[in-house]
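First up is the structure itself, then whatever we jot down about it.
By letter and in written order, the chains are A, B, C, D and E; residue numbering begins at 1 in each of them.
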Amino acid sequence: MAISISRRKGEFQKLAIGTAGLLVVFACWSRLAENYHPLILPSPHETGKALLALWKEGSLVSNVLVTLSRTLCGCSLALFSGFALAVLTKGTTFWQALVRPILTLIQIIPPVVWTVLAVIWFGIADHVAPVFLIFVVTLPVAFVSFFSGLDSIDGQLVEMAAVYRCSRLKTITEIYLPALIPHFVSTVSVGISFAWKAAIFAEFMGSTTGVGFALSTANSNLQTEKVFAWVLVLIAVMLVCEYGLLTPLRRRAARWSA
Amino acid sequence: EEGRKIFIQSPPTVGVLPLIWVQEQGVLPRGIDLEIIISQDHQRGLSLISSGDLDLLVTGVNVGAKAYNRGIDLQLVNTNIWGIDYLLTSGFQAESWKDLEGRTLSLPLQGGPLDFLARYFLHNHGVDLDQIDFAYLPSNNGARAFQLGRLDAIILPEPMVTITLNNYDQAVLSLDIQEEWGKLHAGEERIPFVGLFVQGGFAKENSELVDLLHQYYQEGVDWVQSHPEAAAELAAQHFGQPAALVQESLGRIHLQVYPQDEARELIELLFTEIMDYYPEMIGGRLPDGDFYF
Amino acid sequence: MRVVVLEYVGVTKEFAGDEGILQVVDDLSLTIKRGEIVALLGPSGCGKTTLLNMGAQLLKPTRGRVVCPKGTRVAYAFQEPRLLPWKTVEENIRFVQDNFLPEPLGGEIRERILVQTQLSDFRNAYPDELSGGMKQRVEIARALSIQPDLLLMDEPFKSLDPALKLELRSLLLAEHSRQQFALLLVTHDPGEAVLLADRVILLSRRPAQIRTEIALKAPQELRTLADPLLAGWLDEIHGLMVGAQ
Amino acid sequence: MAISISRRKGEFQKLAIGTAGLLVVFACWSRLAENYHPLILPSPHETGKALLALWKEGSLVSNVLVTLSRTLCGCSLALFSGFALAVLTKGTTFWQALVRPILTLIQIIPPVVWTVLAVIWFGIADHVAPVFLIFVVTLPVAFVSFFSGLDSIDGQLVEMAAVYRCSRLKTITEIYLPALIPHFVSTVSVGISFAWKAAIFAEFMGSTTGVGFALSTANSNLQTEKVFAWVLVLIAVMLVCEYGLLTPLRRRAARWSA
Amino acid sequence: MRVVVLEYVGVTKEFAGDEGILQVVDDLSLTIKRGEIVALLGPSGCGKTTLLNMGAQLLKPTRGRVVCPKGTRVAYAFQEPRLLPWKTVEENIRFVQDNFLPEPLGGEIRERILVQTQLSDFRNAYPDELSGGMKQRVEIARALSIQPDLLLMDEPFKSLDPALKLELRSLLLAEHSRQQFALLLVTHDPGEAVLLADRVILLSRRPAQIRTEIALKAPQELRTLADPLLAGWLDEIHGLMVGAQ
């Protein structure tokens, strides 16, 4: 009991400090905005108004949902394939020799080119192209991270599992996966923010729905306060994701890294 | 004369060719130099104008008007591009806007000038907007999708039109946007697209210099019209577009400077129509007299 | 004739290091049959763990063969405990039990062994909450709990107090008479060797070769170090190990 | 001797497989390109011609150098600050509570907003804005990766160092750093490719020099073969970086992860 | 009067786990003076390592104090070897030596200890190329090589063969008479305890309390287990440890 109270107190303190930090950033923004024209740098007040307008319009929720679903789809695909590829390439030199250069290639090709290819392959299909771009951008990151995670796995435990005749699957799920969990969490955290950004970009380039499209439209139409309002939305979504999903995950993962 | 540099930002458009010509001719008074920055980023241009880092800006007339109405200190020196956009169709000839019913039409920017024009025409030709499948794609990706046969129609600016016509044999140059505007406005086929803007403070302090620049600009326009080949060469150098292509596209671009009063009338004609559709696009009202230098 | 459970045939093992090749085992042959208890003694670094690792198929011999018939259920109590840090004591044991035993039976065995290794109070503790000797005991408990055919143990009773050692020795013998597994036991304690083994094998310095092999006949349950015969063997082994090698 | 020969043979084999894989990709490209107009998807041949033209023009080398120097500058700044911040926040709850949300914020804010801020802060300076963007994009990645690396450090060794009175500095350089090396290499590898992409993007958005600018010009002029030629250049640069810098680093790092 | 090097004053230690609080040390007081050798014996899991960790200031007592005068040079041979995997044997030792000794001197000492622990052939080997006993010896060598004022050792001679144990015991005594450090030695081997210690302390089951303390007067160099006095003590301790606890 005593512990859980003091732990909660610590959490509260942390939250307070974090909030204070963010408030300082906010104040800086307010201050900076005073010196600039709203078209250049809108103030929090103007941004708030724009945000409210978006909310009333109803475009806020629908766009966020569209982008979120695309992100989740592309990101989970990428995380899954990244993990599978990492396990595969870790196992055999052949696959490693084959897969690594191709992934390096995928990583190097800039998103612009992917959008060109996406137009060729998927036409103007509204959903496929962004999901594809998210996948393609997130995959190498997931792969590299998982791969380096696999390096850190305790070979002695794997030997133990081999002696005691654990199946390949069991070894993966019960030793590789748990050992990867801390890695996994950091990968997921980087991967999601990556995928989210890629989604924005993809919608920016070749879609007619989603936050990215709205953001780009606002940007091209010089509606700077709308741009900032969308950014606040992005921040809110990612903060929810960070503190609602990743932080609890991270806390759980602490168990494994013990 | 004091040795100073005049900073100009412009997207890669023929509207800046006269200025490049002026720069290369070296006709300006001693010690005055032009520094021309080619950039697509209007936002950046306006930021730099408002912070005083930039003196002149070539950008859309509606962009300038919006900035002006929102309180950014700039003035329109002249309007230079009056015609540049066309409706291309894929594999069929659209005789009128009615023919687009049930088709996919690609436009570059929702809430932008072409979006307005398309909707304006469609509406005025009695087309039900719900019958049109709008696809908002950046021009380059739009053009690609069009050439892959994935779109029925697209409104493109030059030189994108020329490129597409040259490379996609299904492409049909169906409608001239400027002509269409004329059909609805007593034959007036000029649409004010691109203008040259000056930073307000700079204009006040150097009104003679701005006048001079405007004068030279006009000469530059004449030069471009009389030397399409050399002008295309200049564009090739500065925008990286093939000269032959630019030269070909010049034939479909209406580059001209008209007296400010005449220009103002044309601008207000356009803006009045815009007010019914996207008032936001020009900042919610017609710009007042101080907008015009 | 009893079944051969593990057989080393002319085994040589070399490690390639930065500074050349290190020979660790030299043409060693050894056969272990069902129900046999073989103790391996030898100087530190002579190659005992390497032998066990080859027996568990974790290492391949450089020359020769290590044969373990298909289907032999092998358990290995490692020299340094290898426990999954994210599983509790009980989960660690169950983790390997599940590969061999159906649950109601596995649970009974686990229960019995947890009690006998004095771990039942700590069944829900994670390895990082255990003392060195407790981890050692989990290692032993895990190995016994799968009812192996072949049990490899690398100094299983280190880090344990004499009383516990005594008890675990009895546990080991009790499980042995119940299941008749073959046991290959590495130890540094000659007393342990003579109390437990049917055959005590003394290894030479690195590279390991068999120096002496002593067969002990008396039933383990009746052995005590007070027995003059055993005391004699003990002295001899001790002399061999401490004297000129 | 025998070992080093067989190792070299393994390396060669790996290289062969990798090259074969890339050749297959290349062949697919060739094949695919046959069906499309060069404006949509240029063939390797046309791309090669465009590449040659770029080389002759001289814009190739100069642009690559500009982009590379920006990348190195922004990336090393980000890696350094990321490491420092990770060590700092690992040490004290206060800093962690303060820095994490701010970095999350930095990570979320899309590049569009950064370019807005960069214009405000740095005016028309052509170099500072891309370097800033690279820094800002790479920093959170570096931080997250280093931070999770610090998690994986063996607390028992740190305790040992404390008992034997190793100074804080010695503990960091002799235990933390070596333990981080495998992590470090993967961070550097992700970081560099990240920074390189950010550089392209930054130049794409708001610069008048560099590969990104050239790429964006070619793209908006629909000169697809030029776009692909630039992509080949990007690939070449990153391959040199991968096999000239990162792979040797990785091989060295293997020592530490043993 | 000799200087106090380490003092436990009414120390209690509790660990908070998922299932409540576990008391490991209960109001224990103990003073160790310069030159003294104190052996700690007790059941596995009773709290010995915890006591050493508090002595090394790695853990704080829940109640009471552990006092170690400022400037005391502490060496700790851990129960499980803690070697830097990316450093060779020699580098691992030098890593800690550099904190205390200037190089020519440090090098001499290192050299001597490497030879005596039979590690000199493996000075350039990395920890993952060593056997269990060899790692154990590196741990001991490192601890001795800094010429400590206080030496904490947690079962240092496990995983070693009897001959090597003998030799390392002599080494330890030789270094002790040279440097007169205080030694707090955890062991499970009563023989080791009576051969080495000035005071043997028997701990109770967890939570650890001092059960019996036996003072041994004879100079260590002259002691053998054949000595009836020592044999008597040994029997007594053995009895205490194995009998009813």
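Couple of notes before you dig in:
Simple rule for what comes next: contacts are C-beta pairs under 8 Å (C-beta built on N, C-alpha and C of every residue); 3 or more make two chains touch, one makes a residue touch a chain.
Values in this document were obtained by computation on a predicted structure and should not be read as measured data.
Traced through touching neighbours, the fewest hops from chain A to chain E number 2. Number of steps on the shortest path from chain B to chain C, with steps defined by chain touch: 2.
Considering every other chain in turn, the ones in contact with both chain B and chain D prove to be A. Note on interfaces A-B and A-C: more C-beta pairs are in contact across A-B. The mean-CA centres of chain C and chain E are about 27 angstrom from one another, to the nearest whole unit.
Distance between chain A and chain D, defined via averaged C-alpha coordinates, is recorded as 18 Å.
A separation of 85 Å divides the Cα centre of chain B from that of chain E.
Centre-to-centre spacing of chain C and chain D amounts to 51 Å, using the average Cα coordinate of each chain.
Residue numbers of chain D whose C-beta contacts span two or more other chains: 36, 40, 116, 120, 216, 219, 224. In chain C, the residues that touch at least two other chains are 80. Along chain B, residues 43, 47, 51, 144, 148 each make contact with two or more other chains. Contact between chains, per the stated criterion, is found for A-B, A-C, A-D, B-D, C-E, D-E. Touching chain E in their complex are the following residues of chain D: 156-157, 159-160, 162-167, 170, 174-175, 178, 255-256, 258. Those residues of chain A lying in contact with chain B across their complex are 36-40, 115-116, 119-120, 123-124, 205-206, 208, 213, 217, 219-224. Interface of chain C with chain E (complex): residues 15, 17-19, 41-45, 48-49, 79-80, 124-125, 129-134, 136-137, 154-155, 158-166, 188, 190, 238, 241-242, 245. The part of chain A that touches chain D in the complex is made up of residues 10, 13-22, 25, 32, 36, 40-41, 93-94, 96-102, 104-105, 107-113, 116-117, 120, 140-141, 144-145, 147-148, 151-152, 182-183, 185-186, 189-190, 193, 196-197, 200, 215-216, 219, 224, 227-228, 231, 234-235, 238-239, 242, 257.
For chain C in complex with chain A, the touching residues are 56-58, 73-76, 78, 80, 82, 84-86, 95-96, 99-100, 126, 128, 146.
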